[in-house]
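Sharing a structure, written as structure tokens. Questions coming.
Read from first to last, the chains carry the letters A, B, C, D, E and F; within each, the first residue is number 1.
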Amino acid sequence: MNVVVQNTERADPEVIKGLGECGVATVHEAQGRKGLLAAHMRPIYTGVRLGASAVTISAPPCDNWMLHVAIEQIKPGDILVLAPTSPSNSGYFGDLIATSAQAHGCVGLIIDAGVRDISDLTEMNFPVWSKAIFAQGTVKETIGSVNVPVVCANELVNPGDVIVADDDGVCVVRREEAADVLEKAHAREANEAEKRARLKSGELGLDIYDMRQKLADKGLKYV
Amino acid sequence: MNVVVQNTERADPEVIKGLGECGVATVHEAQGRKGLLAAHMRPIYTGVRLGASAVTISAPPCDNWMLHVAIEQIKPGDILVLAPTSPSNSGYFGDLIATSAQAHGCVGLIIDAGVRDISDLTEMNFPVWSKAIFAQGTVKETIGSVNVPVVCANELVNPGDVIVADDDGVCVVRREEAADVLEKAHAREANEAEKRARLKSGELGLDIYDMRQKLADKGLKYV
Amino acid sequence: MNVVVQNTERADPEVIKGLGECGVATVHEAQGRKGLLAAHMRPIYTGVRLGASAVTISAPPCDNWMLHVAIEQIKPGDILVLAPTSPSNSGYFGDLIATSAQAHGCVGLIIDAGVRDISDLTEMNFPVWSKAIFAQGTVKETIGSVNVPVVCANELVNPGDVIVADDDGVCVVRREEAADVLEKAHAREANEAEKRARLKSGELGLDIYDMRQKLADKGLKYV
Amino acid sequence: MNVVVQNTERADPEVIKGLGECGVATVHEAQGRKGLLAAHMRPIYTGVRLGASAVTISAPPCDNWMLHVAIEQIKPGDILVLAPTSPSNSGYFGDLIATSAQAHGCVGLIIDAGVRDISDLTEMNFPVWSKAIFAQGTVKETIGSVNVPVVCANELVNPGDVIVADDDGVCVVRREEAADVLEKAHAREANEAEKRARLKSGELGLDIYDMRQKLADKGLKYV
Amino acid sequence: MNVVVQNTERADPEVIKGLGECGVATVHEAQGRKGLLAAHMRPIYTGVRLGASAVTISAPPCDNWMLHVAIEQIKPGDILVLAPTSPSNSGYFGDLIATSAQAHGCVGLIIDAGVRDISDLTEMNFPVWSKAIFAQGTVKETIGSVNVPVVCANELVNPGDVIVADDDGVCVVRREEAADVLEKAHAREANEAEKRARLKSGELGLDIYDMRQKLADKGLKYV
Amino acid sequence: MNVVVQNTERADPEVIKGLGECGVATVHEAQGRKGLLAAHMRPIYTGVRLGASAVTISAPPCDNWMLHVAIEQIKPGDILVLAPTSPSNSGYFGDLIATSAQAHGCVGLIIDAGVRDISDLTEMNFPVWSKAIFAQGTVKETIGSVNVPVVCANELVNPGDVIVADDDGVCVVRREEAADVLEKAHAREANEAEKRARLKSGELGLDIYDMRQKLADKGLKYV
């Protein structure tokens, strides 16, 4: 029942990097407005934008044992994604485990629970998106699983899915859809660049998107 | 039923500017402790203090169509104030619409819902006070109204009311009371400057405000 | 019933300083994982780490009168700890009272309610950990007590207890346990330094802590 | 600034009664999907459905003095609507004030704060819709206003507006629109009765509302 | 992208019924403490215990169009499970749609959003577990999907999975594990019956479960 | 560090019973408006009013081992009071443990966490006031303490303190103050009976409490 799945597949590193550069809002739209983790997932410091491959952890509430297990499964460029099996704010993760994860090439953590030592993590350039900042210690008594599908912050994440995270929050892209989503995201960016220029010049969205007649048809009145 | 009210009145620009300089706490006190939007309205970045004239938007939940309609009604120095008709965290507003709003002189956004592209907005110096940061996309299917009275974050805002916003949150001042409130805010600032000097020198509020007898009368005992 | 307790005892200043330097997570662990205030207590600005002696305030909801009473009881190096008797977000504390408190040597405020003028407080280097940032004014009508035991953010704080606060939140240490906790915190730091070096070199926690057999015994399977 | 407005107008009693019989969901739809108070407003006991004329109270946080003032303004069939000027869970209202209000013909209370003595209130058949059930006592130190417009649970309520409340929550109808809304609510009920019969017989909404083509046009696929 | 999956498989009706009779807590334990929907999912009335086969709905926020589509897919004994793609409290479901669903054999609704007409639904014996009770109307503008995997209240639900719901909340059992889980649940019930009798007679859990030595080993002291 | 304190003192059973009959609101007022547990503590079923002596439990998050330890310390008329050391919604308590507790004379449970099997508990007439209803299972891995002071729902509870609980929530009375508080509560009830009669006859609180002049002095205007 409790397993560690080894040798999971990852998406193409170039695709992962590309998705990270596009950012959460663009990727979310490009894949049909899906994949966002809940809005309570906030970065411990701002200014990071990344794409990474998920190593998932299903952990008991207030028990961080499986983090040590998961680190052995990390390959450079991976990100840890931890979902507790019952809601918890406890501080599963701090600077010691971060040191270990970073030594193995881990680029960050997504955790639907608490994190601590955030000033150390900030100095280490180890970004975390979490539900809470809380120093509450955890135990190492009960096992969970690594690299199984988890629901994290109301969204399904499979091992090897691509995580995109920035100041807006966190978005997951299915591994097998990643290349296709990147293509759509690039198309979206190209389209937006042209729109941005027109909007910056003062042209109205009402005219660019040809909305006036539709609004009138819906019954909007100017008074 | 769904209308866009054009040519609404605005307060005197000097009064609006003066209120902005006084800041939220002072203005709130000066007008008799009223007008504060709920504490969940937080800035996406700190360090801004502004006064601006409200262009109001009553929008359906998770539908940002009316933002495009509202931008046409903006005059330089205005701020958009969006209240959804049902609670929503969706990201109604991002860098593209901000580009359009800024091109028309809009100085910011107050939204009792979500916002996205916050790193872009920060770079653009486009401040937003919101309930949530969330990349969730919205639709453009249902109309609302522009420049009608709205209840935003538990406070009534009329078009043309003055919005004061800073790191403490957001306060609304009725357009017709704005000049009077500014005068009271200035009086309050003058009074506080004198108090601040005395308190800084170590004099106690207990003595400055003559509280010792009143506290004893209420029954306070020193032990 | 409503009292101001004068001349409360404080811990040794060197111990207080030492605990502050260890920080919240370490101190919390060193004293057996107790003493953390609730996770909703967040700093108004980041980057501060302090230890200080508590001057406690039991205040009525939305009434800040007792803050003025408490300031007279401050000695240099103290921190104010305010617990309302009923939940409140109101802004009990702003730049004027902070000026007074700072003039008497107060190094900060812990408040399970609201604070305002946070940009001024940031400029003054006066740190606050609070439940809310909210400009809502308070009254001075009802008395409370100073330097009595209070429950603040779900944790008991006695006058003279040591408060440790940083970006992770707030922890309280009993005055009479402070020296002992400091010793344990230093031992913990020494131990962590060695672990950090090994983890940084890539050694796994699984091996350092000898976990592999215990995990197998609990039933963990690698697949 | 703090006033008691006497002799406010009320809607036609037959209209008020009719709106109450239609219930919250129907009235809310009939008036164009507006007027709902926030979803946190819940009844202390279920099974009540009423329409009543609002006597509004703007009260300081944790201070119930104005309730006594408001009761003098009650006419039989009125309902009290209390909005605190800052968020509060305190128990403003209990069985003693309810006894007084009921003696003057008051049919209930809408309060965006706390209520207590709920088993007594249930026995008295005095319904309350509130944000919280909490026994926390209040003071009588600061005045507010009676029969002024208030924002209660994120919705504007004017004195004399019609309140409709049932197990679904609370809805407000503007006094001057009440007769018109009742007419539309009755039309809606008539229409729904016919629909309900068809749906009960097993006919599908897809067919009754002729949705199949529209869904296909939007791109819905059956697989 | 938006699909209606027809002819999904269901578990054996006897197994579904058996799981319903065991109830949420027993089934949750029997399947290894997994499958619980978040604690905010509460019944609109108490006293129901059921097992049913899930017809899932992925719906846009504040848009209930897909409910009509889903009803056509219902077979007797099914339950609707609706997950909005962005958080919403709106009242997607009321007595009219319930009439239609019930006519097709639907035994209830699980919805991570709002429901309305709850007194009618109670009279109809149509149980609902929801995040909110709220009369807010929805639109029919944007399509979603029916009978695709959804994350509802932080838990994955596939079409044809078994839903167990009672006063404790909601639990999901994978269709392919249902028979096995039922067997384990029955074993658990048998074991509990024996334990219950011993506990009722006054025997202590400390002795029945042989805990005294383990507690002493962990360091528990009696004083 | 982890202890079970045996043979704690209890208040006089007649005093405990008397306090229970007075109820939460009266007792809270009688002791100077203190002692209320947070408003999130709600009964799993309504209609109970009780007084009982506290057996306290400090338990790790999501670990219910100490409940079994505590039951051995129960004497007839006691109530269990469980405070987790870190926030948790998990279902620490269900019908099996309730059977054991009830067999030893326990009259209920106060828990700042989750409870499950609530329909069974209701049938057993075993009342619980909790933060959550949630079936999430707990473990038995980490020890805590029994009959030590705990902070439960933001309020300090000592072993042997008197718990008063009813539909309004939960209040704690210090053991050593219990007799005095009961006397004051009875005085309050006597006074309220007279007031209730006058209010029921239609006399106004404004007159009974002689408020008119004070309101005018504060500046209240009738218009």
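Quick note on the criterion: a contact is a pair of C-beta atoms (placed from the backbone, for glycine too) under 8 Å apart; a residue touches a chain by one contact, two chains touch by 3 or more.
On a predicted model such as this, the values are computed, not experimentally measured, just so you know.
Touching chain D and chain E together: B, F. Common neighbours of chain A and chain D under the contact rule above are B, C, E, F. When the contact pairs of D-E are matched by residue number across E-F, A-F or C-D, over half of them reappear in E-F.
Averaged C-alpha coordinates give centres for chain A and chain E that are 28 Å from one another. For this pair, chain B with chain F, the centres built from the Cα atoms lie 41 Å apart.
Chain B and chain C have Cα centroids separated by 31 Å. Of all residues in chain E, those touching 2 or more other chains are 1, 33, 36, 39, 85-87, 89, 134, 136, 142, listed in ascending order. You'll find the chains touch as A-B, A-C, A-E, A-F, B-C, B-D, B-E, C-D, C-F, D-E, D-F, E-F. Interface residues of chain D facing chain C in the complex, by the touch rule stated above, are 60-62, 85-90, 134, 136, 139, 141-142. Considering their complex, residues 1-6, 65, 68-69, 71-72, 89, 91, 94-97, 99-100, 103-104, 114, 116-119, 132-137, 140, 142-143 of chain F touch chain E.
Here chain E touches chain A in the complex through residues 1, 32-34, 36, 38-39, 85-87, 149, 151, 153-156, going by the rule given at the top.
By the touch criterion stated above, chain D contacts chain E in their complex at residues 23-25, 28-29, 33, 36, 39, 42, 46-47, 49, 166-169, 171, 192, 195-196, 199-202, 204-206, 209, 211, 215, 218-223.
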